[in-house]
Structures are given as structure tokens and as C-alpha cells.
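In this document, chain identifiers A, B and C correspond to the written order of the chains, with residue numbering beginning at 1 in each.
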Amino acid sequence: MLSQIIAITGLNLKSIPQRWAPSLVIVVGLAGVVAVFTALLAMATGFESTLKANGRTDVAIVMRGGSDTELNSGMGRDATTLIKLAPGIRKGADGQPLAAAEMMVIAELVRQGDKANGANITVRGVEPASFALRPQLKIIAGRKFQPGLRELIVGHGVARAFQGAELGQTIRMRGSEWKVVGVFDAGDSHDSELWTDVGVAQTTFNRQGFSSVLAALDSTNSLATLKASLQADPRLSVDVQNEQDYFSSQTKQFRQQIGVLAGVVTLIMALGAIFAALNTMYAAVATRSKEIATLRALGFGGLAVLTSVMIEALVLALLGGVLGAVIAYALFNGFTVSTLGQNFTQVVFAFRVTPGLVGTGLVIALVIGLLGGFLPALRAARQPVTTALRGG
Amino acid sequence: MTKTGFVVANLFRKKTRTILTLLSVIMAFLLFGLLQSVNHIFSAGPDFLGATRLISQARVSFTQPLPLSMLPKLEAIPGVTRVGYSQWFGGVWQENTPLIMFAVNPQRHHDIYPEWVMPEAQWQAFANTRTAMIAGKAIADKYGWKVGQKIPIASNIYPQKNGSKSWTFDLVGIFDGKDEDWKRRAALVYINHDYFDEANQFGSGRTNFYVLKLADGNKAAAIAATVDKMFENSPDETKTQTEKDFNVGFIKQIGDIGLIVRWILFAVFFTLLLVVGNTMAQSVRERVPELAVLKTLGFSDGSVLGFVLAEAGALCLIGGLIGMSLATLLGAVVEKGSGGQFALQVSGAVWTTGLLAIVLMSLAVGLLPALRAQRLKIVDALAGR
Amino acid sequence: MIKIRSVTKSYERGKQKVEVLHGLTLDVPQGDFVALMGPSGSGKTTLLNLIGGLDTPTSGEVSVGGERIDKLSGGQLAKWRSRNVGFVFQFYNLMPVLTAEGNVELPLLLTKLSSAQRKKSVAVALQLVGLADRAKHKPRELSGGQEQRVAIARAIVSDPQLLVCDEPTGDLDRTTADEILKLLQALNRDYGKTIVMVTHDPLAAGYAKRILHLDKGRLADQSGPA
């Protein structure tokens, strides 16, 4: 049986060049479906991994109760001091709790390629501990800002996607001028932020409070301890979660929306591709009906014929799928784009074509090939031998 | 039978092939209709808003509040007939459904937005009841709110003075838009700014937006510049623009959706071209003797070209119309189901673009086979060469 | 009715020029029924194509019904054909997507007749060939002989003066072939149609009024009915 299948399949595949135009239809059609699917999900994956990267379970983020995002959260100095002294927080090298109170403010920059309309961007006022809490953050150009001065360091995503935010340039915010003295790489959403000394930010933006407190936990179980302690304190009204959960919630809406878009588009395209594949395979079977009938007359089994036609469809589909994945990778992997994050500020991220994504794309291609090949294969296997030989 | 009948008869020569090709065309245009309407949401400026209202926000970001003390200064600007203010409440319905909700001054808002239609009695109730709220019909219908109910809404930003983030409001009125565009926008909730100002824990005397109604829309740019100049170099620098530009600017921040949509549609139509083009080419190839016979009967080369083009056109037209109709249907279903949140309307503009696409596609897939048919030599074709 | 004067026809086969007809001269009076016979390669189909206005000679004159059709352009020839000639082919060449009626109506789409008038002409033509009861059938539902009758009906529906037939019975059995040839005879005898028929079958040729022999692009001596 196997040798039959191999023999017929060999014949089928060899004759493809004669039918190159309709066969191209399957290849191109599937390349299109897989490329679009992969590109859309690469966008979602890129966004998610940018936000989630380095979201750790041993770091807690404390915000005002009921805020779902740092933007909506505001706490006074008394509150942040209390929080820093709570149990469960690891001590730093200097014996002090490894915790930083940070303040988020929104500024406006003009995106690369835009002329007028600015886009909102996050300015984060930080304390020295903020750096210790984020060991993955490295200054890749220039230097850190000096406390007390209106100096900024910018994430490398910002420098890339916005105008006027490069090393040495001056940004105007709230009636005052800020100098960009350094560029950093944090490998996550912080790359879309501008950082400065929190004290300077507070005076310039006329704020007294902070948005959040970031604290290192002394063990993974400490989250519960910290949470219980803070929520029991009548002077405080806060929410406590670990960094990973916080980041995850930030991406939920975007992921859902892209998920829906990708799902709908891929479904419709896949249906179109199935119809196109059916068309091609029916035609392929029709042009070779005499050939197939001869094989059957010679004694090759119906199942062998069916399998060989299916294999032909699958081979073409796989070719298309691979082509699509390659196109998506070549065109989109690493493609930088920015969009509105949960804080109404821009998040810069890059498309990421992962092996998992490619795998899923190929599976989709194979499924389409299967569906497009089955009915024609059945027809080929069932067609009455005598009529086909007669050419009728 | 007529010439048209002949063309259609030829279209269904190989039923399976035609139907499958037609289905591919339908799928492509379904996607086209849906994606183009998504694109229109993100790129077309909401023209119906007009230019007689300006929105003024803090220059840095609209999340930064402005002091209410600015109000008299704004009212004094020549050309400004009325000034209203609006503060983002951050309303959340039932745990996790965000609402588009603002605290406004009822009388001012009523004057500035004549497009909101509501019985006068309800406007009065809104102005006179501290804890009043009014809701757009789209939202009220979606959540089953009725006038007279007490509606509990949480704010994810502002707690009350007692620390609780749960607020309760009296629904005293339901408003609707004056026309289709405004009806679609009626998915908002308004509460009384005086009450909110006094009852929230974070302090009073502030607002996120000022809305300025102008006497003459043509003066919009000049007045906007005046406002911004007035507050330049102050701690409360402003950015003032027409309402239309404000909406467009906001949407643009979501990203170049247009680009993404264009890429997808490019991939789809490129593939479709191949699919339908292949079908047409095959169809003509099979019919060479028949086409030759048509010529022997006296049909000119031009008319044979016409037959093939008409066939391609009929295929694309039937498939395109069905696909666009499905998109329109689906868009309406999505719009209803999301309570107006996803206004996926396959508009006249999208239909026009779609028809254009149908014509172009017909030419692209039909031209080469049609030329082939036109050029074929009777004698050679009949002899089987 | 048909006047052929010193007609030559040659083709380019790559770099070579192949002359298929060599200075042919021929007269076919109105109402004649001529059979053209000859071995393959003798040029009989080529001559038929010239007479029917499907092709133009390389040199010489071709007149049909007093009109110099060798001087007509492609577009003019198409018009001329629609009014003056009917074709009958060996393999019928009917449109598989149309019914018998539809096939016969096809040439009338080139005229200014109304739909009702067209339907009438079609009915008459089908009646004439004896297929009125098969009007709504598609070609695949008809036998070979019936298909050829539909083809003949199509050929006469716009009432041309000339019928050009290329091996009309080549694909039919003896009995059916005789029926078809009798039909052609009737059209010639009772309706005055001039018929030029190419055939390799001497029995078919016997139905014609005279037989012409072509060999290597030249006419041999003419002979009367056998």
C-alpha cells in the first residue's frame, strides 16, 4: 500500500509543473493567510512580551486602592513612608528597605513622521532605589541624571519613535526645559518612558504625592504578608500585587482586541483559501482523470489514489505556509511600532515572530490543505474507471 | 436569450468551479468591507462635529486638570458665546465595564450641545438635582437603565470624601442624538459637576476640559491660538483645538491602523487576483473552439473581447456585491451587539470604494484572457492549432 | 455566385513560405451544390475558408454574391459573414452551455430583431430540420445526428444565401449521415441555398450536383455526379 501511495504521489508531484498556474494559486493563497495571521499575532506577542518582560514575582507594586493603573493612583508621602516600612520587604545593601516611591506624569512628544499631533508619553519620577530594583536596566548612552536638576534619561524606544528626544536635546514640558542626558535599555515597557529625579518632577509638575511604591520581597511568600499588613492598616487604602500580575493586566485589553481582529481576519481569509484550494484541486483531479483511471485499471487501490491527492494538496499548502511565514518574518520581525497603552501613553514595541507562531501558522496551512484536498481526493478515488478511461 | 444571458450561461459552464471562485470573491469582499469600515473609524475625521466648538485641555495631557478659575477669562474672549467644562469621572459599571462619563455643568452643557435631544423637564431635573445623572439612549438601553432609578457607579480614580469609590446617582433623564451620527455617539453618561466637585476626596475647583462654543466656526483657529497664548508660560499651559481635531488626534494615538488594514487587504486582493485570474484564463483556454465559432457566426473580435470581459465583470460583481452586503450585515450585528461601542458601519464611502475595487479587479483578471480571445485566429483555432 | 480568380494562399512556417493554393480559378453559380474532394493536404479546407470569408487569399480575387470579399477588413468580414454565410462543421461546435434553441438564436443576436422575432425565426429553423421537439435540450442530451441538425438550423436561421460545410458527416454513422445529406439537398433544392461541401466520403459527395477534385492546391478536371 505504501509503495502504491509513494508511486502515485511521485507521479502527481512530478506533473505539478505542467499545472503550475493553478498550483501557484494554492501556494500564494496560503502564503497570504499565514503571512497575515503571523503578522497580526506577532504584533500582539511583541506588545505582550514588551510589557510582561521582566515582570517579576519577587517584586511588589503598591498603588492606591481601586486604581487599575499607575496613572489613576495617587498616594501621599506619609503613605509611602508607611508602606516602605511594612513587613515582607527585603533589605538592600545599605540595610534600608529595598523600595522606591515613584511618580508618574504624562508629557507630550511628537512621533517620528508626524507633524503636529503629539502623543502622550510617560514621565516617571524615580528614587535611587528604582535603579537597584531594576537590575536589568542599563544606561547605554550618556549618563544618569543628577538629582535636583531638570535632567532626563530616555528609554531607547522613545529615542527611536519620537522626535526631539535624543541625547543632548532639550524637551519642553510644562513651561520648563529638560535636558536629555542619557539613554537606557530596560528590555520592557520602561523603554517607552522618560525618567527623572522624583523630587524635581514633583516641584515642576506641582504634585505632592507619588503614584506607586515598588518594593522587593524578601521571599515569594512575602507578598501575602505585605498585602495583609498594608490592608490592615487603617491609615492606608492600597492594592498590592506582584509586578508580573500588574503587567499582565496592562496588556489584557490590547491582547483581546488584537486576538479578535486576528481571529476574524484569519477565519475569513482561511475560508477564502479553502475555496481556492478546492477549486485548484478539483481542476487538478479533472485534468488527470484519465491518468488516475488508468492507474486504477492497472490495480492501484482507491485509497492509494485518495491519499496521493491529499498529499499533493498538503505539499502545496505547506509550501505556501512556509512562504507566508518567511514573508512575515522578513517583513515584520523587529518592526517597531507604538500604540496607546493602558495609561493613555504610548508604548513602543517591536513585532515578534516566534517559533510558536510559525508553528501555528503552518498548522493552519496544513488544515486548509486538508480541507481543500479531501473532497477532490474523494472524487478522484470514487470516479468510475470506465467512464474516465473513455474520456467522458 | 440575450447577449447578457449568453454571458451568464457561460459563467456557469463548470458549476463547481464558478461557485468556488465566487465564494473566494465573496470572502475577499467581506473582509474588504469590514476592514475598510474599521479603517474609516480610525482615519476619517468625524466631520459632523463641525468646527463651532473648541476643546481646551492642559497642554501636557488631558489627564492633568485645569483650574476652574480660568472660566471667566475664557468667557471674556470675543467670539466665544458660551463656555462649559467637563471632568473625566473614570466611571465603571458593575465591577469591570468602563463608562464614558463626565462631570459637567448642566445648563452650560445643554447650551453648548444642542445635538443632545432630551425633554426640557429632564434637563431641569439634571440642573436642579445634585446627585443627578443623565445617560445616552444607547447606553441606557444596553444596561436597562430607566429614569427614576438610582444607579450605582464606581470611579476608578475618585473616591468620595468617606474614602469609598462607590458612588450612586439618580438617573433623571435619557438623551438621544439629533441624527444618525449623533445617535451613535449617545453612549455617554453625564453627572453634575458641582456635586462631584464638592463630594470627591481629591479636592475641588478643577476640570479636565473646557468646551468653548463659538459664534463663527471660521474663527476657530484664531480663537484657539488666542486661548493658548493667554495661558502660555503659566503653570496651566493649554492646548486648544476644534472638537473634530481633538477626536482625530486621540484616535491617531492608537496607531497607524490604516497601514495595517492596507497591508492585509493588499495580501487578500493579490491572492484573489490570482485565483480569479486563473479561473478566467482556464475558462478561455477551454473555449477556444467556441470562441472561434462565435467569430465564424459573425461576432467581431471586439464583441468576443466584450463577452470575456463581461464574464469576468459578472463574476466580480456578483461576488463583490454579496461580499459587501454580508459585511454590511455583519457590521450592523457587531454594532448592535456592542451597544454602539464598535460602530462598524459599512458606509456609502466604503461601498463606493468597493465598487471601484470590483471594476478594477474585473479588468485585472479579465483583460488578458479577453485580449487572447479577441486575437485568436478563426482558422487556426478551428484547425486545433 | 462565387467567383475565384487566380487565388493563391501561402503560410509562413518559421522561415519557410508554404504555398497551399496555387492560382486557383473557379466559378460556383447560384443554387449550385458543390462537393470538394481531395487527399489531406490538398488545400480543400483552405479553399473553403476563403469562400466562407474566414480567411483572405495571399493574392487573387474572391467574390461572393458580387462582393469582393478579399478586399474586406476583419471587422467587415465578420459583418459580411453574419449576413451571407452559414457554417456547418464536422464536430458540430455547438455551445454546450446553451439549449438547442439558444444555439440557433446566437447568430440572430447580431441582428436588430426583437426577442419575439428572434424566437419565431428559431422555431422555424428548428422545424425545418425536424427538431422542434428537442428545442430545450442541451447538446449533451442530443445524439450526434441531432447536434448536427441543430448546427444546420443555426447555419440557416438568418437566411444566408451560402452554406459552407466542412466534413459535415465525418463523425456520423451511415444512416444518420444520409439523413443529414438529404436535409442539405432539400435546403439546396427547395430553398435555393448555394452549398459548398468539403468531404472525403465519395458517397457523401454523391449527394452534390457536382464534384471538384483538389490535389496539391490545384483543381483537377471537374466531373458530374457519379
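By definition in this document, a contact is a pair of C-beta atoms (placed from the backbone, for glycine too) under 8 Å apart; a residue touches a chain by one contact, two chains touch by 3 or more.
These numbers come from a predicted model, not from an experiment.
Of all the chains, the one whose CA centre sits at the greatest distance from that of chain A is C. Here B is the chain whose Cα centre lies closest to the centre of all protein Cα atoms. Chain C has its Cα centroid 64 Å from the Cα centroid of chain B. Per-chain CA centroids place chain A at a distance of 26 Å from chain B.
For the pair chain A and chain C, the distance between C-alpha centroids works out to 71 Å. Residue positions of chain A in touch with at least two other chains are not found. The part of chain B that touches chain C in the complex is made up of residues 1-3, 5-6, 9-10, 12-13, 289-290, 292-302, 378-379, 382-383. Chain C contributes residues 45, 49, 52, 54-55, 74-75, 78-83, 87, 89, 91, 93, 95-98, 101-102, 105-107, 109-110, 115, 154 to its touches with chain B in the complex. Across the complex, chain B meets chain A through its residues 16-17, 20-21, 23-24, 27-28, 30-31, 34-35, 59-61, 63-64, 90, 154, 156-157, 159, 163, 165, 202, 233-235, 237, 248-249, 252-256, 260, 263-264, 267-268, 270-272, 274-275, 278-279, 281-282.
Every residue of chain A that touches chain B in the complex is listed here, in rising order: 21-22, 24-25, 28-29, 32, 35-36, 39-40, 43, 65-68, 71-72, 74, 105-108, 114, 117-120, 173-175, 205-206, 237, 264-265, 268-269, 271-273, 275-276, 278-280, 282-283, 337-340, 344, 346.
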